[in-house]
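Okay, structure first, notes after.
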């Protein structure tokens, strides 16, 4: 199977799974924006998604996407290190025109995963999983807005998420055009176009996420607005 | 003189090759599988021959001195390859290409060979295009041509300034296809140290594995030498560092005749020498002479001021410039053949008009830039200009380039007959390694043509005429006493060199040899100088055997030993060149005897006495070689004094 | 007028493929800034020979930037700090008096060290042997002008074909990937009608051989193109990906 036993095939898997995850991030960011303007609307979306069969199916696909992307990342990195040989260069210089992120995709990816674990524990565990299996009865799984807002009342959390988003930004700015290059829809003319499109798109996503975190902190952490809570 | 049978087929010139092919003996496919051929060298000639013989079905063992066949020095040819396609409708024809080549070679080449070369030139272009060689094209999609020295038509096909590279990569890809099929056994980083003769026929080679240092034997039904020229005898030349004349010398020592060793081409447009540590000279393509104008200051005081750094070339007024080629040769101007352009540059510099270090002339593009615009000049020569700037740190768009002649190509080489077979049966020589097609001077863009013609279209036919009566001969064992003896001799030679343990490095001795060669056996030669050269070469030989230092082990990777073995052979070639130059009491092409020139300083041939190929037979280490003559009969062209003035 | 400089050289010395290598430090004096980097190494070697030591082994041949034989990883750059040139075209005017220069061989599993700075690049030949050609024998070609080829295609093919097979792309790549080399050949032939015929087969065969020989996976860092002495473009890699994916879907 060429998607596993050829180098280009493996990279195609990385690219397609990566682009799929970008799609998910886009959707997630749009949904979050609702929270800043209307916690009720946000909860309504959560309710629509919740632990329905179609959402669970999509969650499984999403998890598979993450899983494949991460496994392939380690696999490719292992092969690449082996291809480099045993002796390392004594002098290493980053060439001009070479993005820093492109040489550190695995490190950036690992940062993203570590935060992802935190993120899942904070939200997914208490919302979708909770709704499904009632793992934490102190939290109302249907009141996503309360959970999110109370989390971002804490400035430390806001800072952590901004750091995470920065890593994500670096990861995606390279990942986006790199995916286009790998699946072959690139050439001398589109080279810079894809880079610009990727940078703009990535910046919108990351700023979108950061905007929600910061806005919630300002609204509820600094201005002290009442946190709306759903009745049990 | 039965040995020098040229085997030129009978009949009218234009039908000789056709007749030959129609009547030659062939080998049937089943028998081809039983025949082995050794090809030494992977340049345009060797690579093309190995690939083609493989395609035909022979078993080929192909040796390469570099780490890959793609690096053979054919790769460095810049300008282009000639062919008589007449795509430009400017009056070209097979006959005209033939005639220009004979005339360019100063009537010292064999008519039949040159005509065949012109004939197959068209097939070469077809073949290369089919291989995917990206020749330059016009907007309409047809192939583009440019003009080159010594011709009044545009017949040169080119791929940017990297034609040699692209043609070689074409031959290399064909070769690798045969390697993949198992028809060619490719051995890289091997150098030939001897040819093995069994019962009077070439039956194998002794090779040195350059990685392990091991001496290895290889046997075959025929041996093809495609090892290029010996221009590095001058130490400084445009040849690659590993280019050498050793294979040719080994054949010579085993009885093959060495033809016209004195015919060496000094290329007019090279970047001048900058200093003592210089290791090689860089060629700037002859194509630059299409648009560049060559000049030196008219006034000696201007030249002196430039040399002292007080004046810049751009400060010299138009009327104070001497465009000496345009002045002397109005019909061809800056596009005179290489030997003429080189000598003219030397003449001006010797007279005190040189610029730079005194050994340089200007190649100026300001007119071309004015006429065509900088962009057009850049499109044509951009990569050459960039290369010049990297090496010299001068911008040729703003200030004229400086150039000076340098050793570039050797027309002389192993003597071969019409079938490209040497005087040793079963031993063939192709490409620059043989002497055949360029006479006393080679025209630009003809070396690529000859290498590929020999490799793709000539040798694969003619070698069958020899191999057809070898089909009964079983595969050879390398255990034959002849192989053991040859190997023993090679080892003795290596051990001798290793045992000297003197003080001087190979390069320092090679530089000394080079200086003698350029001073006395270079662009201008005379009797006294050549006599002196012979004495000096003998001295260097003594120094070599008494004071050479080779560090490291004999039978391991040892670059200094490689160079020492080559230098030993260069000393032999140097001597041969001087002997040949001395005996040839005339000036022709690349061989200019100062005693023999017209009042205007042009080369003066002596057709009465020297209309022959000078072939030298080896007579022992300390003996003078013996001269044999192959008379040249011009049946089809009228021999006349070369004239590029009108 | 001539300027000279003194330098300290840290040179990788390694006896053979299996031996452990290490850096040796040498001093060279009075190097003309007009000389090339390899001429500077010639001076070092002359010095070593005169001291009775073994000279540093390095690959070089044409010394005019076209054969692709010279290698050397100089101060963290394949072919040294100047752009768009090979080591043999690098000139000492790019360095300053008193500089320390670190010279390493290409380091990649695909290019084992033979001795000192000389590496084995026969893997590249094997990749070409797998399919880097048009399958035509001598003799059968039609007239060279029989097929019209748009100038832009011919020019682009020429740009791809200018690869000299030196291995700098693999040396520069943190993944030891040979994609730029392979893609240059695949592109050249895919762009021309003569090579188009077997484009799919070629892409499959060459990539399979590249993978088999242990070169790494391309992660599009672009270091290869940034260090390529012939400025071969990354767009070739996109074309190779396209050709390969297309070929696989055709299977």
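Order as written gives the chain letters A, B and C; numbering starts at 1 within each chain.
In this text, a contact is a pair of C-beta atoms (placed from the backbone, for glycine too) under 8 Å apart; a residue touches a chain by one contact, two chains touch by 3 or more.
Source: prediction; values computed, not measured.
**Student:** By label order, what chains touch subunit B and subunit C together?
**Tutor:** Touching subunit B as well as subunit C, we find no chain at all.
**Student:** Measuring between mean CA coordinates, which chain is farthest from subunit C?
**Tutor:** Most distant chain from subunit C: A.
**Student:** Could you put a whole-Å number on the gap between the CA centroids of subunit B and subunit C?
**Tutor:** Averaging C-alpha atoms per chain gives centres 27 Å apart.
**Student:** CA centre of subunit A versus CA centre of subunit C: separation in Å?
**Tutor:** Centres of subunit A and subunit C (C-alpha means) sit 38 Å apart.
**Student:** How many Å are there between the centre of subunit A and the centre of subunit B, using C-alpha atoms for each centre?
**Tutor:** Spacing between the chain centres: roughly 64 Å.
**Student:** Which part of subunit C faces subunit B closely enough to touch in the complex?
**Tutor:** Residues 1-2, 31-32, 34-36, 38-40, 42-43, 46, 48-50, 52-55, 57, 59-69, 82, 84-85, 89, 91, 93, 114-115, 118, 120-122, 124-125, 128-130, 132-145, 147-151, 154-155, 157-158, 161-162, 164-165, 188-189, 192, 194-195 of subunit C touch subunit B in their complex.
**Student:** Which of the residues in subunit C come into contact with subunit A in the complex?
**Tutor:** Against subunit A, subunit C makes touches at 10, 21, 23, 73, 75-77, 102, 104, 107-112, 172, 174-177, 179, 207-208, 210-211, 214-223, 225-227, 233-235, 237-246, 248, 251.
**Student:** Show which residues of subunit A lie in contact with subunit C when the two form their complex.
**Tutor:** For this pair, the touching residues of subunit A are 2, 5-12, 76, 79-80, 82-93, 95-99, 102-103, 105, 174, 177-178, 181-188, 191.
**Student:** Under the touch definition given earlier, write down the residues of subunit B that touch subunit C in their complex.
**Tutor:** Per the stated touch rule, the residues are 48, 51-52, 55, 66-73, 75-76, 85, 87, 123, 125-132, 134-143, 159-160, 162, 164-166, 169, 172-174, 176-177, 179-180, 186, 188, 211, 238, 240-242, 274-275, 277-280, 282-283, 309, 386-387, 390-391, 393, 456-457, 460, 503, 505, 507-508, 549, 551-552, 557, 559-560.
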